[in-house]
Amino acid sequence: MRPSGRAPDEMRTIEMTPGFSRHAEGSCLVKFGDTHVLVTASVEERVPPFLRGKGEGWVTAEYGMLPRATHTRGSREAAKGKQSGRTQEIQRLIGRSLRTIVDLKALGERQITIDCDVLQADGGTRTAAISGAWVALRIAIDKLMADGLLTADPIRAQVGAISCGVYEGTAVLDLDYPEDSSAETDANFVMTDKGGIVEVQGTAERDPFDEETLLRMLRLARIGCGKIYAAQAKATGR
Amino acid sequence: MRPSGRAPDEMRTIEMTPGFSRHAEGSCLVKFGDTHVLVTASVEERVPPFLRGKGEGWVTAEYGMLPRATHTRGSREAAKGKQSGRTQEIQRLIGRSLRTIVDLKALGERQITIDCDVLQADGGTRTAAISGAWVALRIAIDKLMADGLLTADPIRAQVGAISCGVYEGTAVLDLDYPEDSSAETDANFVMTDKGGIVEVQGTAERDPFDEETLLRMLRLARIGCGKIYAAQAKATGR
Amino acid sequence: MRPSGRAPDEMRTIEMTPGFSRHAEGSCLVKFGDTHVLVTASVEERVPPFLRGKGEGWVTAEYGMLPRATHTRGSREAAKGKQSGRTQEIQRLIGRSLRTIVDLKALGERQITIDCDVLQADGGTRTAAISGAWVALRIAIDKLMADGLLTADPIRAQVGAISCGVYEGTAVLDLDYPEDSSAETDANFVMTDKGGIVEVQGTAERDPFDEETLLRMLRLARIGCGKIYAAQAKATGR
Amino acid sequence: MRPSGRAPDEMRTIEMTPGFSRHAEGSCLVKFGDTHVLVTASVEERVPPFLRGKGEGWVTAEYGMLPRATHTRGSREAAKGKQSGRTQEIQRLIGRSLRTIVDLKALGERQITIDCDVLQADGGTRTAAISGAWVALRIAIDKLMADGLLTADPIRAQVGAISCGVYEGTAVLDLDYPEDSSAETDANFVMTDKGGIVEVQGTAERDPFDEETLLRMLRLARIGCGKIYAAQAKATGR
Amino acid sequence: MRPSGRAPDEMRTIEMTPGFSRHAEGSCLVKFGDTHVLVTASVEERVPPFLRGKGEGWVTAEYGMLPRATHTRGSREAAKGKQSGRTQEIQRLIGRSLRTIVDLKALGERQITIDCDVLQADGGTRTAAISGAWVALRIAIDKLMADGLLTADPIRAQVGAISCGVYEGTAVLDLDYPEDSSAETDANFVMTDKGGIVEVQGTAERDPFDEETLLRMLRLARIGCGKIYAAQAKATGR
Amino acid sequence: MRPSGRAPDEMRTIEMTPGFSRHAEGSCLVKFGDTHVLVTASVEERVPPFLRGKGEGWVTAEYGMLPRATHTRGSREAAKGKQSGRTQEIQRLIGRSLRTIVDLKALGERQITIDCDVLQADGGTRTAAISGAWVALRIAIDKLMADGLLTADPIRAQVGAISCGVYEGTAVLDLDYPEDSSAETDANFVMTDKGGIVEVQGTAERDPFDEETLLRMLRLARIGCGKIYAAQAKATGR
């Protein structure tokens, strides 16, 4: 029995509020239950040095968590003067996941920076962030197209992400914090609406797991991502 | 004529949503028009080293702005590896303002950390932060009292803050961003509901100002703070 | 009774030694009693990136305190690897104060950096720094004019700064360290010799203060600034 | 055809030189072809603060690459003043992988720090590091047991790691640099000699991959890990 | 012919003003011609962690240069966030030189920190700093003895330092900046009044030098140090 | 009697393995007994900003020590976020020593970066590093000449370095760690095969030393450097 009473293959309620932020070209407040992430997409008409003059664009991401997004207050990374290894790992994952579904040549020499800031955390912040990031990115690119700055759509697919795990012996979908902190195994999947896998990261928290468990989690992830694509489509009016 | 069409002594709409954050002992989403600040109050049962064993508590504050809270994206302080001078100046002001109205002996050996994170900025983020911080602090202390950890109330007064300025020759209340960026003079006032001044910071942006201007801004600030105390009272059920 | 035996409206002895430093274009060793600050003005024929090509100059300031300028040794900011919030607040104030009285267009595309280094501290280091900075700046600009690099004088006024406070119930002028550390209220005023206010920063150290106290401190500040303008004039031969 | 001429399921030559370093409690120079990693295990009789007094030990890892381990010189992280996100991600992975096969209670209140320094890189540095780290750890723990400091063996299994990928449409084992830099898909597997999966990290470099590809890579990884366990056993005399 | 017109074995004028700083236990403003260094000695009744409980004291030094001590303004190390290699090298040398002439056991469990801040530079700042540091240290220790905190004098000798070099083919004493920046060879000597060498650091700036040159410079250094010991004795009344 | 049983003028065994590193233009694994340093020389076809357009090249060095190169593990400088004063001092010495024997004009506008990484330490790491650096540099420059990028040889001499010291009253050559940690006096000499001194750094560890001791150490250093030049010649086939 899951602490939340959810069925093994039951997601938390997904809410996506597009346009939450007034200034950003694209934005989305995404909620996976009590995990709330504010995502903005900022368009800049220039690319990082390594891409200058190559006729290609770039999509990158930064991630942060408000100090009291969690049960006990964490220290503020800006005050400590550096981002943790965890933060960097997550923001690299978000950027990589989005770049897989964007045609960077079609984007042209511009950069889109995705900021994912966790207002409240209850497990699964990176997967909520990726899922909401697609919405913010979609809106920002729709704006570029509406403004005539892009003629062809550089987005090739929807991308969503979800965590799965083995909790008390059962493979379950969309771990919340109580599950996450005691799961035996934990895996994050990033997938596209065409069925492809963009990233899989499975970790044994205590004992190693087997191939069967990996596949069971993958199947749950497909179920979860289906819900995410639907929520994304609704939020962006597609 | 103000860009917003407001009268010189007219505040923006104030909204204070108490309990916005699930985990913090006290929290408040405060909005002064399009300026939105999420404030949390975190209680820890220990004090900083310089106060250990003195039987006194401490109230401190940290301030941050999401990278895309503003018109153009600013760089993330955690990524740059340090907080700007402006950030430090603001968080020192917030902490100092709150300590003035708290009886630190009555608080006992515990620390309350106020985190003020600007989700969206349209001028006046520090004054909104201070005003909302009082609500978060009030709720956190009410909780300590309800839990029997405090018997006497350490809060001695309400504290609110507002900016005033001279815009196109007229003293106006509660500057928004378009006013703030072109005001001749700019002053922030922190005051209590007993009528006392906690902090005044007036700056000539171009030409020096005179005593009369200072007093005119102070009078407007009193009007604005009255509205803030009322909003605080409503948000905390007082 | 003030610890120093001074009358409430009595300044400490002001000494300003122009040309203290051999290499700088302008310099001044300023003493407000036992507070000694070495100020240099360095002229560079280029401006920061945000001003390039705009035909305007810039004046900026940096502030530091020698580790043993104070009663007990403080740690060296260069060794700690960062400037404190207090340091940044002060150097921002100094730069802002000087820019108010300089016509940056008339200065042309060059930058003047004011370095204020406290050799010995006894309260009021920031106000001594601003007051001495004007002398260093004046000398540096006189040199630019003598060298034919400037034809019109970009300095529009003298600027001075002084602290006031309420000590044992009485408003007093030019706080020294023993007063500063136990004052109920503390305010720094930056003013020009034309009578205008450039900056006012008043802080309640314990209980909030009232409008009358603010005005009383302002009046004392005018008295103190009068002495400062005279000392500046003498030091620069004006 | 692979650039190296290897068969798809053919590993590079593995060499493991135990005791390469004179001072460390355990050490190993591990070579996967032209990828050379020097691994040391350092035993300290104390644990990090979060474990003090809990009767448990800790295993952690740090990773670095000599500036000229690669084709073109990279900048030295110590000189830049921070470890890259990639470095942190890798050292977190190494530490996590080793902790999975160590009984931390049985280790007692001591910490073993694994340092993995890449002397020469040709792809697969993290997997070589993990595989060699097991040898260094095994030797260090054998020494603790020989010295009578441990009576029961806290190591529960061998752990090895290997990368697989899809190169020109074919799933291949143990990517070298030319393959790694142009692979369509890339996955690192950490597994134990009992057949369990400790970590799987698969990334689509260009297009998403499917479940079948993931399973094919997993099967290759099992083949590779078999060779690694044999080399580990030989190096440690087991 | 030396730029200054001095004879090859002629020092610049040495001035040592003891007690320059009001707060420090010992202080000295030392001038070697136009090189001016403010040195303070701060006594703390505790030692660094590695010495706790060993019944020994410690003497350490920190060095800094005001940004405009030099011909062109250098950047402030506190603002850059780190001390340069040159700064660290110099402060290590100063600390080491002083420790050689102090009986650390006789000093007892206390630390004396020497701060050397260059107000104006014209070559030879490190040697002036060491020479003045002895005066500040002497005064601080005299105070400890006068206060009855020390009964035996822990200072075993005077220590002085001077630079020599080969300028236009001639070995010269006490290089000023014009000589220093074009000398072929440059050596710093730290010596005691008993004739012993504490440190010698000779560097070929262009071509290697020979033993004879080294010895010629050493002889000049002895002459210079004689003058320094006399100035130290005078400044400390010995 | 030396701990190693060596005669006072006896070096440890020197081994120099050229071409140890596959990617670097020049490399050498240098061993002075149990001190092992991996040196690489990396050629870049650009110079640092201060040399651009001057038609001159640059040689610079970086130094590091693996955390467990020593008896007890030291912390990793990249993890601490800064290089120690010792590290900076050493790498400045290495760079300076090599620049003395290179004709930078003849090198042309390119930079050679020497990385010296200590794999195992037993005293004398800096002198081993300099001695091995010459080999790596020689190989890299031979490659530039073989590739036709240089026609004249910019290397003017061989450079070697060795430490000497006074151990139990006797001057000895090539200190190992047990000697180094208890030597009364310690000096590092950098010399060329033409007999010139490039750098001499002598330090009294306890009591000051005299001129005779300095000269005795210098004579030993000449013996040691002779062995080093021979080993360098052999390693580079000269």
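So that you can tell them apart, the chains are marked A, B, C, D, E and F in the order they are listed, and the count of residues begins at 1 in each.
Here, a residue touches a chain if its C-beta (ideal position, glycine included) is under 8 Å from a C-beta of that chain, and two chains touch if they have at least 3 such contacts.
Keep in mind it's a predicted model, so treat the numbers as computed, not measured.
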item: Any chain that touches chain E and chain D; value: F
item: Option in A-D, D-F or C-E whose residue-number contact pairs overlap B-C by over half; value: A-D
item: Chain E and chain F, separation of their C-alpha mean positions in angstrom; value: 28
item: Chain A and chain C: spacing of chain centres that average the CA atoms, whole Å; value: 50
item: Chain centre separation in whole Å, for chain E relative to chain A (CA means); value: 59
item: Whole-Å gap separating chain A and chain B, where each centre is the average of the chain's CA atoms; value: 33
item: Residues of chain E touching at least two other chains; value: 81-82
item: Graph class of chain-chain contacts, one of line, ring, star, complete, other; value: ring
item: Successive chains around the closed ring, taking chain E as origin and chain F next; value: E, F, D, A, B, C
item: Of all residues in chain E, those that touch chain F in their complex; value: 82, 85-86, 88-89, 91-92, 96, 100, 157, 187, 191-192, 194-204, 206-211, 214-215, 218
item: Touching residues on chain E, where the partner in the complex is chain C; value: 21-24, 27, 34, 38, 40, 42, 44, 62, 64, 66-73, 76-79, 81-83, 87, 113, 115, 117, 119-120, 122
